[in-house]
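In the two complexes that follow, chain A is the common piece, with chain B as its partner first and chain C second.
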Partner chain A sequence: MKPQTRIAQRFVQLGVLVAILVAWYWATLPGHVNQLLLPAPLPVFRNFWILFTTSSIWPDLFVTVREWITAFLIASISGCTLGYVISRSAYAVRVFDPLLAGLYSIPAILLFPLYLLFFGLGPGSKIAIGTTIAFFPIVLNTIAGLAYVDKAYITAAKSMGANDFQMFWNVMMPAAFPVVLTGLRLGCIVAFLSILGGETISSLAGLGHRIVSLAENMESAQMFGNILFAVAMAFIINGVVSFAEARGRRGMQ
Partner chain B sequence: MNTEVKTRSAGVSGAETVIRIEGVSQAFGAAGDPRRVVALESASLDITRGELLCLIGPSGCGKSTLLNIVGGLASPTTGRVVIDGQPVRGPSPQKVAFVFQENTLFPWRTVIDNVKLGMAFQGVDKGEREGRAHESLKAVGLAEFAHHYPAQLSGGMKQRAQLARALGLQTEILLMDEPFAALDEQTRMVLGEDLSVLLARTGKTIIFVTHSLVEAVFLADRVAVLTARPGKIKKIINVEEGHPRKSNFMTSPKLGALRNELYALLHDEIRKTMTQRGEGGEHA
Partner chain C sequence: MTERKGPLMSPGIARLLVILALVLLWEIGARYYADPLFLCPPSQAVGALQHIFADPKIVNAIRVTIYEVVVAFLMSVAVGMSVGLAVGLHGFTKQSILPVILLLYATPQATILPLFVLSFGIGPAAKIAFGVSHGIFPVIVTTVAGVQNLRQPLLTAARSMGANRLQVFNAIIFPHMIPSFFTGMRLGMTSVLLGVLLAELYVSTAGIGFYTRLFAESFSPPDLFALIAVLAAIAVTLNELCRTAERRFSRWHAS
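This part shows the complex of A and B:
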């Protein structure tokens, strides 16, 4: 792509953001939308900034991050392990791959009320929903990566005398790695989003909980500031894991 | 005829048989199934130590299948292959190395790491791999590209690298399955000449599958012509010309005459193959 085209694209993207900001500001002018429903940009940004200058958000942030990391770890370990086991047999792949793909299409958030009953209002139910939702892209990508390695590589390795361990470690793993990595990236992101969602539905602490209580207290400007914080966080997580994925891919090539 | 021809050319009395293909048949699909395809039918062939034998035949005649059976990557429906007196039951990496048509270099490893990995699979001591890898890369003219990734190489260089990986295994037998088929004519010519030089030096026993008439005559000591499916050995032609072969052999009347002979032998078989395809679908 020509650099000019890229710069032009950036300008358009920036333009859209500015337009939203202007529309937002216009909507909050006196006589338009009620400030309780939609606070003006400036107080929102002031509240957003306060989150960095004071430590008030730390306890909630800590809860959410811990839930998120726990859910991601459980989903990664179980998803990769199960994916590996299934990929070992062509029969298992034929049976379980469509089954898991089918289960993936069920909106897992519907399990959340059940998880609340099982694990209570605390972190347990959030970890459970995060794990459930992150598990599927991870297991499906692990199967896709390992079960569909180019046969030519396997034949070549076999002809040179590779044993089972060498075949897995030197051929299957690196060949599947980029696909598995994509699954892990998706899992990482959806775990965060579903945990935030779970917290807003029912919870005792966490970023989602904080946003809901601010809404209930009609602290609109603060609530929007916190939403902005969560959005920024999701944005950064996405950027970081995408970067890690790209690095991981390059490292294997 | 010079002595070099004698040492490499087949049919010389007293030459030792290394690979014995005994009545090998290969069928895909169960007996009685209307879709059953007999790819090979009782093919028998002896390959002499140090010779380069080309297998040529119409597509789908079972050339590659035969090669895979010799290398232990496939087992025949009937018949057997014996290498050095031992029946083949699976891959024998100590004796046989492959060069495949498609690029099977691992894209996540550099060229030299690919060569070394082959040796690791084969069981070469770690300390020995580096030196041997450099040697075989030098032999194929890729020494300067040792630390490139396969994606950074041209098609011809990738095939050289595959050859280097096979040479690094230091096997006596090399099985080459249309290694130059995906390359353009000019690259093939150069690689063919280089291969001839290289092979004259190493004295390996080689089976080379191709469907290029000129390539077959240019490289081979003997050319085995296969019939249309089910593949049988139709005729074996001797190419009595010493290695290494230079580019002037390419334009020699001798090569032309042999090429024409091959063409006459193959022509009917190719027609038959076309008719088969017209009647029933194509099978690999």
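This part shows the complex of A and C:
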């Protein structure tokens, strides 16, 4: 690609962002959009900055991050284990793979009221919904990765007398790793998003809870500051996880 | 585990047996060991189905949810397709605008849910808008990916034979986009359903989300499970419709 084109593209991207900011500012001028619905950019950025200079967000952030990590750990351990067990037999794959894929197409968020009933308003129900939603991409990708390893590798390793452990560690793992990693990345991200969603619907603490209670108190500028924080966090998570996936994939080759 | 050459039964039957075994386990567990305030056996949930379909308010709620999902889905497909085509058909716009769209796609929409309620109220409008905010992005991204599959020589050939824009679209761009178009529709449908349900669970006065919340809060698990089953059936049906369409229309496309 020509360097001029690249520079022009950067300008267009910058232009789009600037245009959004200008439109936002214009919309908040007196007589346009109500300040309660859309606060002006400057107070929002000020409130965003306050989140870093004061420690008021830490307790909520801690709750959300703990829920997220717990849910991801449970989902990845159970998903990888179940996926491994199923992938051991081609017959089991044909029985369970469509079953799990079918369950995956049901919107799991519908179970959230049930989880509220089971686990209460606290972190338990968010961990449960995050785990449920993250479990499916992880288990399905584990099966897809392990069950469709090139048969030639397996035959070759068997004929050279590899035992079960060697087979798993030296043949199956490296071959399946990229696909499994993709599942883990998806699981990590959807766990975060669904926990935010759960906190928004009903909760006692956490980032989503913070945003909702600010919205209900009509503290629009503060709410937007917090939304900006959550969005920034999602971007960073996305970036870090994608980077880890790319690194892990390269490390295995 | 051993690898059998001829399995005892076909995988489909084994799958049914697994489902039956799980339901049976649930039935026994819920009937003898669980607190009836929290969990009910599946037989009671099936019984509650009757009661749910007899209540005109709940039937209306199901209708409201289907209406919201369908409107949000149609809007997502129409707007997403147009945006995807506008962005994807030119290399320059694709390189420059697509990253901005992906940036927006990565935003956790759940955090801006209160905004939708503030601006669209607690009626169906907020649910539709929130559903569109979920469904539009997969449609855009798959449309752009579909345009990418277009073979340039075909376009050049058509243009050099004097085809106008409409003809190029009908004869080349559209047929080539069909496989990814239906993939986008399926992903969009899943996302729209998620968005609409999230919004209904958050705050609403009608719709399935409202009633699932009500049944959970009033400790009546049979109704809750029955309603979840109805919604799961709707989700699976919509998903299968999209998948069938996907298979049917991409059959000509051998590659």
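Quick notes on this structure:
Just so it is clear, the second predicted complex is superposed on the first by the 243 of 253 C-alpha atoms of A that agree within 3 Å, B and C clash if a C-alpha of one lies under 4 Å from a C-alpha of the other, contacts with A are read in each partner's own complex, and residues count from 1 in each chain.
Definition applied: a residue touches a chain if its C-beta (ideal position, glycine included) is under 8 Å from a C-beta of that chain, and two chains touch if they have at least 3 such contacts.
It should be emphasised that the depicted structure is a prediction, and the values quoted were computed from it without experimental measurement.
Of the two partner chains placed around the shared chain by superposition, neither chain B nor chain C is touched by A:39.
Counted by residues of chain A touched, the larger count belongs to C, out of chain B and chain C.
Contacts of A:159 after superposition: chain B is touched, whereas chain C is not reached. Of the two partner chains, chain C is the only one touched by A:215; chain B is not. By the touch criterion stated above, A:130 is placed in contact with neither chain B nor chain C. By the touch criterion defined above, A:183 lies against neither chain B nor chain C after alignment on the C-alpha atoms of chain A.
For chain B in complex with chain A, the touching residues are 71-73, 91, 93-94, 96-98, 100, 102-104, 106-109, 117-118, 120-123, 149, 151, 165, 169.
Chain A contributes residues 152-153, 155-163, 166, 170-171, 174-175, 177, 252-253 to its touches with chain B in the complex.
Contact residues of chain C toward chain A in the complex are 1, 3-4, 7, 11, 14-15, 18-19, 38, 92-93, 95-97, 99-100, 103, 106-108, 110-115, 117-119, 190, 193-194, 197-198, 201-202, 212-213, 215-217, 219, 221, 224, 228, 231-232, 235-236, 239. Within the complex formed with chain C, the residues of chain A that make contact are 5, 8-10, 12-13, 16-17, 36-37, 88-92, 94-96, 98-99, 102, 105-107, 109-114, 116-118, 192-193, 196-197, 200-201, 207-208, 211-212, 215-216, 223, 226-227, 230-231, 234-235, 238.
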